[in-house]
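Naming follows writing order (A, B, C and D), and every chain is counted from residue 1.
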């Protein structure tokens, strides 16, 4: 299962856990399964069907322009990070 | 619109006449009336040198000169620096030394540097920096500009 | 920019006639202050009178007996590259050559610097310590005024309506005379003085004591400021670090700076002492040379 | 030049051809936005607010409309009222309603210089005179000019509807705090317990401007059928198209944006200011073209400066020299509307170091100053000033060489950032080692009041959308059309990548910047992305051209395409041989023109690291600082066009030094900008700098066909910190405020003496 790193501001929703596992073949699917485990997370990550504009999705160290539609593997590591001006971090 | 004044001048080696209002700056007339847009407006206040031109060989900010003042004078702008069919050594050395990034300040620097080399054919680095201190460049950190001017001076000697 | 008429008279007489006409007339020498002020609506003008064709205003002469005569429309570049001026008045050059970068030097004039009457004007403290004199022409005739009396407030001069500054004269330097002007600016060019300081000294023949001295400051009061107490203190005293420091302290005490965008009053007071000391030290060096 | 990984052999990349737009630029022929003159063109002027914070009660435009020569007057009433909607506008996202209100204030002005109305007239003088006749009735409100003041519960509120956003959770109360962000890793308290040395300091930095020499300008023509053409100075034509379309509620297909040559941007020419106004005025004046240009005063008062900031940093290290914990709070001025680069700053602040326990907190705060815009590595300079000063102090307290301490803690592939993301292949350690062995660092500095400082810096860089197309000419050359605006030689760097791909000399490829109707969508020239992403598009174009040309050669030789090889400008198949030019000359007989286009959106950009070394001399009596020597070291990935890579490094360093020493916005208590000119907004002049030495390190980015990383932004990150550290070594005071202006330095020296 992909490993999801939970943004610090959302860790109260995961009981303080910084890393959780969640099933899903895309980022969107992973968020849906996160929501099942930790109700309320989805609304903090997605607005109007899109990833919140201040966030970037980083999968395996690379910021994904596909965002929610980015495919994942079981070994994927997923981060939701603050989008940097002029692009996200590495 | 107030009354227009008739002005005769020599511009880049050619006799030129134009009509202007007294309040119009030389920069405005060069750019808007005469279509010579090589002199740029960076500040319209004499602080950046992007509008440098030569009047009777003296380096001035065209934004700080009234167009009516150039009656009977000889003007040189960036458009009149290069010899026919070629480039002035300064222009060539600016290219060789990558002494421009956005290029907006470049005409002002080249006109200023020409005025320097006309008076001081072999300037030191300090003299180049002193002479160009009224020209702002925000892209290069000046290193390559100073080197280009020194190289052009060298080229002119050999 | 408001529209205006332009005139380019070729005599002083015509100039005075044009100045005396109705409405607002603004003399134009280098224009480096005037044009931005017209553009920003900070100076009203119905007529701009170009002074560059008036012979009296464009004269630059030096005579060992009578000293230096600088027409009000003489550009700084010309003044600062004149061999006689360089030789006899390096202190005047100090003030005039830092007015703007070279583009400005080709246009700006000492006369304009005086008439613009900025408290931070670079040429004025140097002229003050040289005991320079302003020559004024007007409808009521000619008159003279010591340079230190010419500016009466920020942007305001002692010129009456219809009067014009014709020239500044500087007496010939006495033996063992030396003068220097320096200013503090955060950059190395393209700045207005945070503080300027000028000093002129006349030393005894052995160079060890002050016969006379004058100190003037810029940008620390509403006008360029002569500090007579500093000069009076030095007269007759030996040239030592202590006497110079005391004169610098007196200059600092005379400064009445304000806080503005270019510096705080506290920093200006601090600089007044530092720059006065440095100006005196260099003036002494020149007097001994 | 240092090459860390196994070098790839290139023929064109790494060479120094003359730039293709060079002759036009040294002869004054290059056409910048304000140089345009169209038949029947009108000239515009914008009326701006004299107040920092005021309610607009009424606007009376009648006198302006009646002024001779006036053809149109517009106010916010002429703009569609937009819903709040966040759009991704290049370097930072932007709420479109705020963007619209920034272009023309609707009910409130929020900063000195805020645009209120615009006029078009037959000449600039008439437009200016008419604008001055517009009567605006204001109810003046108290301004908020400092972030910490703005965060107080009793502070005047700028935007009534604003609530603090904490990753999707909105606050209850009206506030000036637009957003609160947090990154955490490890156990902070444990980390500080493990530390033998802890340094904690507070820093403030002033608002500064990008300072491009060319003021903003825009010319627009709306024809009777509603087609809009805009000529302007922008870092991205497609961004102008999108913003103008959104703000005016027009379909993008109705708008064509022609990017003129651009006189600098540095992030400040991504957002639009004048373009929608020019369109409105053109439409209202009966379809005349309208040109708007800003004065320098307008540029400084009302276009994107970057944030002033308050930053608190605490870091700890053990005696072995390992950093054990780091904490930072960053509060950034957004200006009048939300959107400071505090998020980027959080990403920069501890990026060069392996820190097991960390907490980084950020606040985006609105104040009555111009809406901030991106400025070269947005937010990074402020952040690195704070953290690199503290890192320097830690090294000093531990008795370690500042570069050695950074090397010991420096990140490499696999190390994690505070937000948890692991680095790919990066070049920090190579950069630090190159700095250590540089001629500059190896030469001792002697003399009183002199000091040497070093600092490291990071920037994430960016990829983004890019497009290009090319056609083969019968004379054997290739014409390249690309969508990236060229601010500093990029079209040549792109031509070089196509020439390299095609095995041709650079002289055989000519590049041109295309307008929005002539090339695929391409993001702006920002994020250090052009040579990387548009370069990749160009590489793809080259690959396609090669494939097509091999097919043509196969047709000529009557063989299968797979049997044709192409290398170094020559097609071969068995004994058959044909140069690129020979084949190009025969295309008409082999099926006609060969063209190719490509669009990319790569995600494998690589971050850049830099280390800067500076020697200064201080006049302790006046506080004046002279830079004696400066060296910038940086990992460029592959340096495609080395002269211009070095020039980016020099330019970034120079901007950073100016920021360190002199540049700042000075407001009075009423929020009026006091130094909206270049005499009092002090950018460095020639005499303020020495020659600027550069060391290019090449650690190729594995995520790019040629190893490109992007180079434009990271060089502005270290300078302020490097200068601060040098000042400390020179005179023994740690400056905690930017700029480190002479008066402040003298005050600090006096305070130390008691």
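Some notes on this structure:
Simple rule for what comes next: a residue touches a chain if its C-beta (ideal position, glycine included) is under 8 Å from a C-beta of that chain, and two chains touch if they have at least 3 such contacts.
Everything numeric in this text was worked out from a predicted model, so none of it was measured.
Looking at which two chains touch through the most C-beta pairs, you get B-D. Comparing per-chain C-alpha centres with the mean over every protein C-alpha atom, the closest match is chain D. Centroids built from CA atoms put subunit B at 56 Å from subunit A. Subunit B and subunit C have Cα centroids lying 29 Å from one another.
We define each chain's centre as the mean of its Cα atoms; on that basis subunit A and subunit C are separated by 69 Å. Residue positions of subunit D touching 2 or more other chains, listed in rising order: 125, 678-679, 684-687. Among the residues of subunit C, those touching two or more other chains are numbered 1-3, 101, 188-190. Pairwise chain contacts present here: A-D, B-C, B-D, C-D [touch as defined]. Contact residues of subunit D toward subunit A in the complex are 86, 88, 90-93, 165-169, 179-185, 267, 341, 343-344, 346-347, 351, 359, 362, 374, 377-379, 417, 419-424, 426, 459-464, 526-529, 601, 603-607, 703, 713.
If you check the complex, the residues on subunit D that touch subunit C are 125, 128-129, 621-622, 624, 661-662, 666, 674-675, 678-680, 682, 684-688, 741-743, 746-747. Interface residues of subunit B, counted against subunit D in their complex, comprise 1, 21, 23, 28, 31-32, 35-45, 47-48, 50, 77-79, 81-82, 87, 90-91, 94-98, 100-107, 110, 128-130, 132-147. Interface of subunit D with subunit B (complex): residues 16, 18-19, 21-23, 25-32, 34-35, 37, 69, 123-125, 210-215, 261-266, 293, 295-296, 487-489, 643-644, 646-648, 650-651, 653-655, 677-679, 683-687, 689, 691-692.
Within the complex formed with subunit D, the residues of subunit A that make contact are 5, 7-11, 18-19, 43-45, 47, 52-55, 58, 61-65, 77, 79, 81-90.
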